[in-house]
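Both of the next two complexes hold chain A, though its partner changes from chain B to chain C.
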Partner chain A sequence: MTVTQTEAPAARRAGAAEGELEKSTGRRNRRTYLALLIPGVLGLVVSFVFPLAYMVRMSFNKGAPDGVIEETFTLDTYIQPLTDPYYWRVTLDTFQMGVTVGLLCVLVSYPVALFLARSTSKYRGLLIAVAIAPLLTSAVVRTYGWMVILGTNGLVNSTLDGMGLIDTPLKLTNNMTGVTIGLVEIFMPYAILAMISGFGRLSPQLEEAAGSLGASKLQIFTRVTLPLSLPGILTAFLLVFVLSISTFITPRLLGGGSVQVLATEIYDQTTGLLNWPFAAALSVILLVLFGLIIAVYQRLTKKIGG
Partner chain B sequence: MRVITKGKIALAAAATAAALVLTGCGGSAGSSSGGNSSATSGELNLIAYSGVWQDQYTAAVIEPFKAKYPDIKINYSSKRSSAEMLSALQGQKNNPATDVAIMDNSVSTTGNTQGLFDKIDPAAVPNLANVPEQFKNKGGFGPVVMLDAVGLLYDTATFPKAPESWDVLWDPAYAGKINVNAPPSLLGLSLTAITSKMEGEDYTKSIDKAVARLKEMAPGVQTFAPNPDEYQNVITGQTVLGLGQNARGQFYSDQSNKKMGVTFPKEGTVYQINTVNVVKDAPNKAAAQTFVDYALSAEAQTAFAKALFYAPSVTNADLPADVKDRVVPTDGSLNIVPLDVEFLSSARDKWTDTWKRQIITK
Partner chain C sequence: MTESKLSIVDLTKRYAAGLDPAVDRLNMEVEEGHLVALLGPSGCGKTTTLRMVAGLMDPTAGSIVVDGKEITHTPVNKRGMGMVFQSYALFPHMNVEQNVAFGLQMRQTSKSEQKRRVAGALDMVQLGHLSKRQVKDLSGGQQQRIALARALVVEPTLLLLDEPLSNLDAKLRETMRTEIRSIQQRTRATTLFVTHDQDEALDMADRIAVMNGGLIEQFGSPTDVYERPRTRFVANFIGQANFLNARVLSETGSAAKGETHYRVSIDGLGQFGAVGAPGLTGSTHELVIRPHRLRVSLQPAGTETIAGVIERVNYTGDALSVAVKAGDRVLQSQMPTSSGDLPRTGDAAYLSWNEQDAYLLPTPVKEPAA
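Now for the complex of A and B:
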């Protein structure tokens, strides 16, 4: 369309022209945005959608011993874990581990995140960098570090022994305790980051206002600071929960074969027993678990107005 | 219904790779000198174990092979376990990219039945004549290339004299200081068979008694998945007893200045046998046969026995006395608990499940 030169008032003409200009720029912009999306979407399709669809299809196949896969359509791979109390226990343990690690991680990260968010120090940037620096080290290396620290001859046990506090070493590795300790530390930087970015509405002025109106420090915290930081806390919890229930390395290395969660079970089925359809079905179950949690999370954030 | 192998996965990987190429990431297509019929030149894709095994095999066998056949290029693809090798070969079934696989007997038997391997041509592999009948494959597939057995690892400071019986694993004095690799590891499967035999049971029919006994041991086991591995756990003093392979155990015993020892208890043990196999429709079959022949040569067998204490599978390998004493005896002098490979392939899943549900405690 072009702007028509009629006897219509000049103002209208100008307005129409402006609108046209806006429209065409808008269209151009939209096209540019769409074009810019292509590489990302393509990447996602290749690296995410396609493998995921393949995995879902794989989960309906039948796994025979020794890695032969019978291409068929069966629900056995789902019926087996869903009717077997052992897999219910594994799923429950996975869920429990996620909740425990999420809660503990939020608990220890909250003060750090709060401090960093409110700090006005010129070193704030540096401090944030220090808090998230552990992310630069691989989780494998950090897990091995924890194995050294928590082992029977490790730092903790030898210190306690040296102080005469224990006779026999505490069992801190090769069980859920070790896995929990390791995961909490490993996921702390994620929790801190998530909380700092989620503390958007937290402002010192509001706390000062509460203080000037006579609220005690505890009241300020429980009635102002905490409710305002709740979205950040929830995001951090969700992030750590999801990371924990899908993590494999730490439960495998610090669990010593005694910690059976969905991720280690999937690994065993894939690499040890070569039962890919069953491993795929367990992965889908894990994915559904994620979906449920995210749905609950969205309900919760809406409720608290996050 | 169609029975497929993981060929589709390879296809998927190829599609992904193609997509990556399309998006401009590039990459070179894997090529092989398939047309080359000469046995002394070309390329050779070997799939075998990783870690210290790879290091020692490379030094003792692959390097001398390369010196002898400078025109054959060897690509070594390492896997942590035979199961992973099998999985990789299944994925390549319709378009093999591997020529030779060295893997556990129980897994290569599966490979043979799945049609992944070729029969060995005695004319192209003259050294096959030196392999005694018992180590040849009855169907003419890949023969045994080396033997080892499951041993008991012990801390030499705690045990100045090697423990004589597997019973030591149940001794309350060492509770909490034991590492046992649970199935599907061959070590755990072997311990199941050994315990079953100790309890006077026929494990091909039932392992109930063994399970009851292993349950008594489980609370004293520190880890069912030792890290970084079963040997380092004992060497670093994290545990004082463990299950391990004799060959690697002997090697690490030397490495650790004899801090750890390895022994075969009197109740018997289970062989761990590796076979050398030529992949069906291997892209470089001639080079593959040349390599298999070299792997079965007295030279290669002796060199690897010296390097990593695997017992040779050929009759003409002459080991020095100090090496001979440390490799697993193959002359019938060792009490062997037979773990039939075909039986094992059906029992692996069940025994793994039993360990997870009944034996491993939290």
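Now for the complex of A and C:
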């Protein structure tokens, strides 16, 4: 009797100690995880958060034409782009370009992505590699390539001319048309990759099931394939949109100076006019544009994700 | 004979030239209202056959006739069949009701008719209360029922089931077996059922087609394929079996169902009685005896017994499997357990059987060239 009495508390104590030990190892684990996060977080803070904060701060400064920056707190830099119709034009053009490039890119990439996602060929891996291989060349090189193809005496115009279809060369460079064509092709690999990874719920069995229930090929596509590939399509669109409105090289080179979008404007303000506060304000506007689109995207994915 | 619901004539599928055909000149007649199991090991061509009937795969040769109409090259969406896939293939972007209504929408059934029939189909599988649920919120068994409701709501010419129970756990599988069978009998839907599980086939089917290597080895009722296997493969695939090479000495009389009683001689073990198709006298055939039809007794009883020694005893609760070594052969026997004395390894044992439980396979064994 006494033995059991002394034993019980001892056992309880041991149990308690064990619980304590568990708790402390849990705490230690959590601390280890946090410690492991430090390098990444530190990197982000140094390379992303600080510059971003600096940029936002910069956008409230006052810039003078000769590059002098007056440390102050003013909203002038925002008032100008928001009141000047020119900047409204540029912002709208940027947005429109992003949407157009996004839509066209999704449209031309979708069949490729669908084919690759559904392929059971042993060459599937190779085909995917080929589809994204253009990423191996820089966008600058590919933009120059498009300049050659689309130019006044380029491949497209000389072919159409040779076939007698046109008398005067089409104007395909130094305007938004050229920029759009170039961007669509340049961003196709991204769109294809984003779509393939977003087609997770699509399976050949679902299409077979729809067929066995009486759906025609077109009905299978509209009722099953398309709805199930929407997440991939949306992701691809978002990615291409974001890449398009932030890209600088292609609008500058294929636009030949006559296409003004926020990215080229920011570049000009930064390096040409040395008006950093103004460039910073434009950058913030561009960021807001991103934010808006991402908010819309999230709402949409929640809706179609069921 | 009445005209069959489904006739499959010389159906062949070759995936690539030079390869052995996956399905090789297969012939089958299915009666209206029957549930036919296509049973066989993986790669035997059972799923390929089902997919050709469904229209999901083009046959290389042969024809498929349903209700007297050839449909060999009719596109899948014009065949009006109901298919349940192994993965159920429910549409993840639609709720339960929308899934079931899909086939009716494709047939442009009126809205009110759709509503009525969807509700009816869901009640049939006892899931009426889940009509607004998302597919991903259902358990495996529930998904299985919805898939069944979706296939049946269109009143299909044929119901095609591709291993519908293989993704369920053992307990649920038993329940669904009974449920599918009872729904099938209520709707009188002529059904093709692909499975590799012999118990499932024996339990559910009106007819079983045992397939191997793209061929039907035997097509018959569950008792036929179990009691009167036509080949060693069938005897082995459905249930367990002992095989003994037996030389057929003489006929001793006629048995039921046109079969014949024989005297056979088994090398080194003596002479015994057996049954088989008529006209086997003079050649050597394999004798099939199911383990639970092989009696084991510990005392010599009667004359036609095989004497041996118990080599191994496995107790499984319901039954006792006993391996008996007789000469250089080991025979498997099964006996019900009782609380009495259990046979032990090393005991002498005497094996015997009822004449009608020893069945001679119809094809003679090729004698080794002497």
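In the analysis below, the second predicted complex is superposed on the first by the 272 of 306 C-alpha atoms of A that agree within 3 Å, B and C clash if a C-alpha of one lies under 4 Å from a C-alpha of the other, contacts with A are read in each partner's own complex, and residues count from 1 in each chain.
Rule of thumb we're sticking to: contacts are C-beta pairs under 8 Å (C-beta built on N, C-alpha and C of every residue); 3 or more make two chains touch, one makes a residue touch a chain.
None of the values given here were measured: they were computed from a predicted structure.
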{"item": "Overlay on chain A: chain C relative to chain B, clash or fit", "value": "fit"}
{"item": "Touched partner set for A:G211, first chain B, second chain C, both or neither", "value": "second"}
{"item": "First, second, both or neither for A:I304, with chain B first and chain C second", "value": "second"}
{"item": "Three-chain overlay, vertex chain A: chain B-chain C angle, C-alpha, nearest 10 degrees", "value": "150"}
{"item": "Partner chain(s) touched by A:V224 [first = chain B, second = chain C, both, neither]", "value": "second"}
{"item": "Touching partner for A:T120 - first (chain B), second (chain C), both, neither", "value": "neither"}
{"item": "Comparison of chain B and chain C by chain A residues contacted", "value": "B"}
{"item": "Chain B versus chain C as contact partner of A:M176, first or second or both or neither", "value": "first"}
{"item": "Which superposed partner A:R201 touches (first chain B, second chain C, both, neither)", "value": "second"}
{"item": "Chain C versus chain B - closest C-alpha approach in the superposed model, Å", "value": "45"}
{"item": "Set intersection of chain A contacts, chain C complex versus chain B complex", "value": "none"}
{"item": "Partner chain B, residues of chain A touching it in the complex", "value": "39, 42-43, 46-47, 50-51, 54, 64-72, 86, 144, 147, 151-153, 168-169, 171, 173-176, 252-253, 255-260, 268, 271-276"}
{"item": "Residues of chain C defined as touching chain A within the complex", "value": "54-56, 75-83, 85, 87, 89-93, 102-103, 106-107, 134, 136, 150-151, 154, 160"}
{"item": "Complex contact set, residues of chain B against chain A", "value": "1-6, 8, 12, 15-16, 19-20, 23, 80-81, 83-84, 86-87, 90, 110, 114, 176-177, 181-182, 184-185, 222-228, 236-238, 345-346, 348-349, 352, 356-357, 360-362"}
{"item": "Residue numbers on chain A that touch chain C, as the complex places them", "value": "201, 203, 205-206, 208-216, 219, 223-224, 227-228, 304, 306"}
